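In the two assemblies presented below, chain A is common to both, partnered first by chain B and then by chain C.
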Partner chain A sequence: MNAIQNALQSAGPQAAQIEQLWWLTLAVCAIAFVPTLGALLWSLWRAPRATEATPADTAIVSQPERRTRSVVVSAVVISGIGLAFLLLASVRTDHALAQLPLEDALNIQVTGHRWWWDIQYDDPDPSKIFSTANEIYIPVGRPVVITLLSDDVIHSLWVPNLHGKKDLIPGQTATMQIRADKAGTYRGQCAEFCGLQHAFMAFTVTALPAADFDAWRAAQLEPAAQPTDEKAKRGEQLFTSGSCMMCHAIQGTTANARMAPNLTHVASRRTLAAGTVANTPQNLAAWITDPQKIKPGVNMPAHHLPGGDLDALVTYLGTLK
Partner chain B sequence: MTRRSQASVKRTAPAAGAAALLEQTWRDPPGLVGWLSAINHKSIGRRFIVSAFGFFVAGGLLAATMRLQLARPDNHLVGPDLYNQIFTLHGTTMMFLFAVPVMQAMAVYLVPLMIGARSTAFPRMTAYAFWMYLFGGLMIFAAFLLGMGPDAGWFSYVPLAGPDYGPGKRNDFWAQLITFTEVSGLLISIDIITTVLRLRAPGMTFARIPLFVWAMLVTAFMIIFAMPAVMLGSTMLIMDRLVSTHFFNYAEGGDVLLWQHLFWFFGHPEVYFIFIPGLGFMSAIIATFARRPVFGYPAMVMSIMATSFLAFGLWVHHMFATNVPELGKAFFTAMSMMIAVPTATQIFCWIATLATGRVNFRTPLLFVLGFFFILVIGGLTGLMLGSVPIDLQVHDTYFVVAHLHYVLIGGAVFPLFGAWYYWFPKITGRMMDERLGKWNFWLFFAGFNVAFYPMHHLGLAGMPRRVYTYPADMGWGPLNLLSTVGAVTIAVSVLLFIVNAVRSRRHGAIATDNPWGASSLEWAAASPPAAYNFLAPPVVGGREPLWEASKDVGAPTYVTGLALDVREALATTPLDARPDHRYIFPQPSIWPFVSAVATTIMFIASIFSPWAIVWGSLLVAVPVTAWFWPKRAETEKHLALEKRP
Partner chain C sequence: MSARGLTCIVAASMLALLPAACDRELRKLSKPQSGGPVPAIGDKPVGMQPGQPGPGLQETSSARTYDGQNAYELNQGKRLFRWYNCGGCHAQGGGGMGPPLMDDKWIYGHEPDQIYDTIMNGRPNGMPAFRGRIPQEEVWQLVGYVRSMSGQASPAAAPGRSDGISASPAEARRTRENPRTTGPEPPVKTP
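Here is the complex of A and B:
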């Protein structure tokens, strides 16, 4: 996978603001660190050596050490000024993050589940609402408001190249405003410990030029392709008559449960199981047969289908571009 | 001064044979029952320190397992379930069973000696608190070994730790461990506060209290204010889990974030009550090895106090990624920046002390110098985390793992190791080996930085905390491997420390009473101290009692007139340490131990049945009643003593 996940390679204004503040803070901290440690090392190098038998110098206590005091006081005052500067810079950045212009924003609702992301594209026109899982697509240069919800425990959405993280808290609604100014695919993953597969609760945000995004969106709004060959038809039948449809949805079929990722266009996704393995027919077959082997603790049950059936199901799912 | 207390401060030497009589009066009884009945603060302190060190080693082994698992991508050494238990237990052990208790353990041993007392104020309670701590720690490790270790992190966020997503008894053990350590922590705090306020040597006014004792006094107050928050939280959690209350169940009107507020209202001050004792060690060691008093005593004391107050205004910076209002976050950013001022002040004062002193480079000082390098880095990354925007990026990543270890290991563990090298001769009567000590330091220092410095980069490169593994194509492999190499180096250095301690205890050079030429009162006692600490309890006439002549011209130099055959001490007034009244300490007793066993039975049984609270209370009531049951012979003896002129 070539998607990047790095807080210091910003691809949008929010992450860029934070990155700027980071370098500024690092510089101020370095300016504090070098003289402090320098003073310590210089003191140690210069101070006369002693042993435990050396009589202690208590004369110091009775006469005030004016020079030392003025040095220490100045150091404290300078630190205070540095801190006030950092505070100011931090509050300014915070303000800037809240000021992202939101005209014509795209609204996406992300719901955290153990351990995958349900992504719903909102629209005033209900027929234009659709959901997908684990892979977010956004248009370059257009602001996006992400509404964050959780269905079980606390998760945290984090795409470091675009913005800092925000928690998805059950019973609460939070929002996050982002914009990608550079086309590309950015990886993110859950940042709040959420149980067994916290490590494999990843997702990607792909920023596309506006026209490409519109095309993608139009494709996502389409119901699933009707299977044409016999094998795929058998696969669809297995899907809608077996236990798959108890949890998954495929638009255009009778399957419309929302317990698990929406599979309407599953074949167009890069990975399976929220970034755990690449989306290949072999991996898909292994995943259906024994998901615990790939992602221990996952809620998907194992399905031991006869060889032909498994093949038909994988073939059908492979047609869902 | 009352007439009676005047009578107890004289200038005559203790009578011949007094030492033997005092030893008999203050020592712990012999035999196994005697061992379990021990209440001498030094016996309890020693056991406490050794137990805490044992938990440190256990927590370290858990950490080493995690580092081995993370050494390469897609590793299968431990699976997610075990990994989650391991990191939860590592954090829980280090915070609740090592860092806080070990500081209290050091205080139990050292504070009475440093203030010229013969005991902690409530010696039986000290023993009870120790046993509770030990039993709680053993319980959680037993649960872990039986495959029931807690797995929701040392912070146990709900709903993950709640009844819906944390099935079984795992997190109940966690919540009950908190109860154990809270009972212990709060009792020791009360003990230390009373000891410091009422048992100081006459003349040791507030302005003459050693900085380490100040640190432990402030720490004890912080514990009393902070710990009830987590005790409340963990009790609500276990009630949600066991009797279906809905404190944290949002579906029934509970609140998920309430837990985080309660936990961090304790959790952030906790960092500081681990750190402040470290500052106390620093001041004690720097003064001795710079051959002069610490520069700026009033500034040092005020800084400790300022830190302790500000520490209660930082907790929300653990929650910047939640829905807390922006203006509120700015306040917590400001507080997080402000708390750097008192710490910076102390660091500058220590540098000034070293710059104007004459330096004796021994192992304890090396560890203290390690503090400067590591803690300053940790403090500066702390400023970054205090800033809301930067925190949103690095929160819950390996950057925070690096930061917290720089602060806690640099700020507390390095001074603590320095303190162990420093006070080892006092506790055991033998010196630790310098050559091994220097190896110990340099390996620890190098290993620490190799282990934790790369984590800053990993965090910025997007690696979240608490992941049991990571895909190879994330590119986090090499730095993780480096970090594991560092962790192994730390393990080797700790092993060297153990070898050094065990060998030195038997074969080390015999220590004099004051081997480092230090100034505080514990060095006036024998090495190791007699059961009664001081043959003649000292009277203090200055801030550096062993370095300078008494400033109270004409004052006596020690307390006399106290009974030799009864555990009697002189209580002094809180502020000025003027003699106030005579106080008789209790005798050793098996009942604190039995009470701790009964309480343990109640706490553990209540994990399985809420009714245990009912019958368990009766079970606890029996030994506690016996504990306080007056003995006719003792009472008569005390009465006679009180009537004595």
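Here is the complex of A and C:
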């Protein structure tokens, strides 16, 4: 995956505010850190040194210590000013983060599961609501309101290029507002430890120009393509009458369960298992046969299908563009 | 006995408990897959069970992964009970369209193999056959959880809390019902 994940390459107004605060904090801390270290090095350099020829001058030990009150007081005052300045800057950034104009916002609902992301695009027209998994697409320049929910434990959504972190807490609803001003694909990651595969709970946010986004959305609303050749037909039969449909959904078939990622357009995704492996037929077959090898602890059970059937199922899933 | 001797005995007994405590949470993630295939697909006791076995899934005789002492297995069973909508008929164990699972009455037997048989092959008058639809390991997890609902599982391993609001005490706190079989005793098949 070539998506970037970097808080210092902001792609939207929210991340730009956070980036500014980051640089400001670095500057203020450097102002305190550099002179302090400089003073330390200077005192080391000017300390009296003894050699065999010149014995140590211990007279300084018996002298009364110089009064350092003015130095200490001025250092404390300067540090206090620096910290107060950072506090003010932080409050100002918080305030600015809440000021994103939300006219014509796109509403997305993200539900955290161990260990994948369920993404639902809301619409006033219920027939235009659809679900996908682990890949968020948003239009460039349009605000997005993300509603955050969790199905099991606390997760945290973090796309450093677009915004800070926000927790997904079971039984509570949180929202975050983002806007991407630059097209591109940004990597995100669960940022709250949530169990065995927390590290492999990744996702991407792809910002597309408005026209491309509308085309993507229209394509997602389409039900799954009907299989045409015999092999893919057998795959569909396996999916809808076997164990896959106990947890997964494919729009346009009888599979409607919502415990696992929606697979209506699974072949158009870049990765499998929330950014764990690339979405290739080989990886998909390995994933179906023994998911615990790829992502130990995952809730997907192993399926030991006879060779021909596994091939048919992978072929069918590959047609779901 | 001296205080030191007592301390030693307490420490030794705590150490002895440690391995058991570890096994309680052990996750057997990659299940062994050896052994011959199970030929008996669709051998229902009588022809009254609804549902056809799903296609495809290969069953192996070595996949009997039942472990009533393992908290992870029982908890997964509890999740699956909700995911697979067992509650649609059995409710949270109190029963509805289907019989209750938290009382002492077992129509087709309370032994793990009997419950496995019930889930895999279905039973007359409503219990569908899940053979070929749920992988064997998951059925064994469900078996463990179904047993914990009437206190048949070890309280040390049974689920201690629910994700949602629950009207009944957690499985770990249920008193053990004395199971009695009320229906025709089916022959126990070792799968």
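General observations
Definition applied: the second predicted complex is superposed on the first by the 298 of 321 C-alpha atoms of A that agree within 3 Å, B and C clash if a C-alpha of one lies under 4 Å from a C-alpha of the other, contacts with A are read in each partner's own complex, and residues count from 1 in each chain.
Rule of thumb we're sticking to: a contact is a pair of C-beta atoms (placed from the backbone, for glycine too) under 8 Å apart; a residue touches a chain by one contact, two chains touch by 3 or more.
These numbers were taken from a predicted model, which means no experiment stands behind them.
When the two complexes are superposed, the chain touching more residues of chain A, out of chain B and chain C, is B. Using the contact criterion defined above for the overlaid structures, shared-chain residue A:M246 touches chain C, although it does not reach chain B. When the two complexes are overlaid on their common chain A, residue A:Q63 makes contact with neither chain B nor chain C. Contact with chain B, but none with chain C, is seen for A:A32 once the two complexes are overlaid on the shared chain. Once the two complexes are overlaid on the shared chain, A:S43 sits against chain B while remaining clear of chain C. Using the contact criterion defined above for the overlaid structures, shared-chain residue A:Q197 touches chain B, although it does not reach chain C.
Once the two complexes are overlaid on the shared chain, A:Q292 sits against chain C while remaining clear of chain B. In the superposition on chain A, contact of A:I169 is made with chain B only, not with chain C.
Legend: residue contacts after superposition of the two complexes on their common chain; A:D152 is shown touching both chain B and chain C.
Residue contacts after overlaying the shared chain place A:V71 against chain B, while chain C stays out of touching range. Shared interface residues of chain A (contacting chain B in one complex, chain C in the other): 152, 170, 296-297. Contacts from chain B toward chain A in the complex involve residues 79-81, 84, 152-153, 157, 159-160, 164-165, 250-251, 255-257, 288, 290-293, 295-296, 299, 321-323, 326, 329-330, 333-334, 337-338, 340-341, 344-345, 347-349, 351-352, 354-362, 369, 372-373, 376-377, 380-381, 383-384, 386-397, 459-462, 464-471, 473-474, 515-517, 519, 543-544, 547-548. Those residues of chain A that touch chain C in the complex are listed here as 152, 170, 237-238, 241-243, 246-247, 257, 259, 290, 292-293, 296-297, 299, 301-306, 309, 313. Against chain A, the residues of chain C that register as touching in their complex are 27, 29-31, 33, 52, 54-58, 60, 76, 79, 83-84, 132-135, 137-138, 163.
Residues 1, 5-8, 15, 17-18, 21-22, 25-26, 29, 32-33, 36-37, 39-40, 42-44, 46-58, 60-61, 65, 68-69, 71-72, 75-76, 79-80, 83-84, 86-87, 89-91, 93-94, 97-98, 114, 152-154, 156, 158, 160, 163-167, 169-172, 174, 187, 189-199, 275, 296-297 of chain A are the ones that touch chain B when the two sit in their complex.
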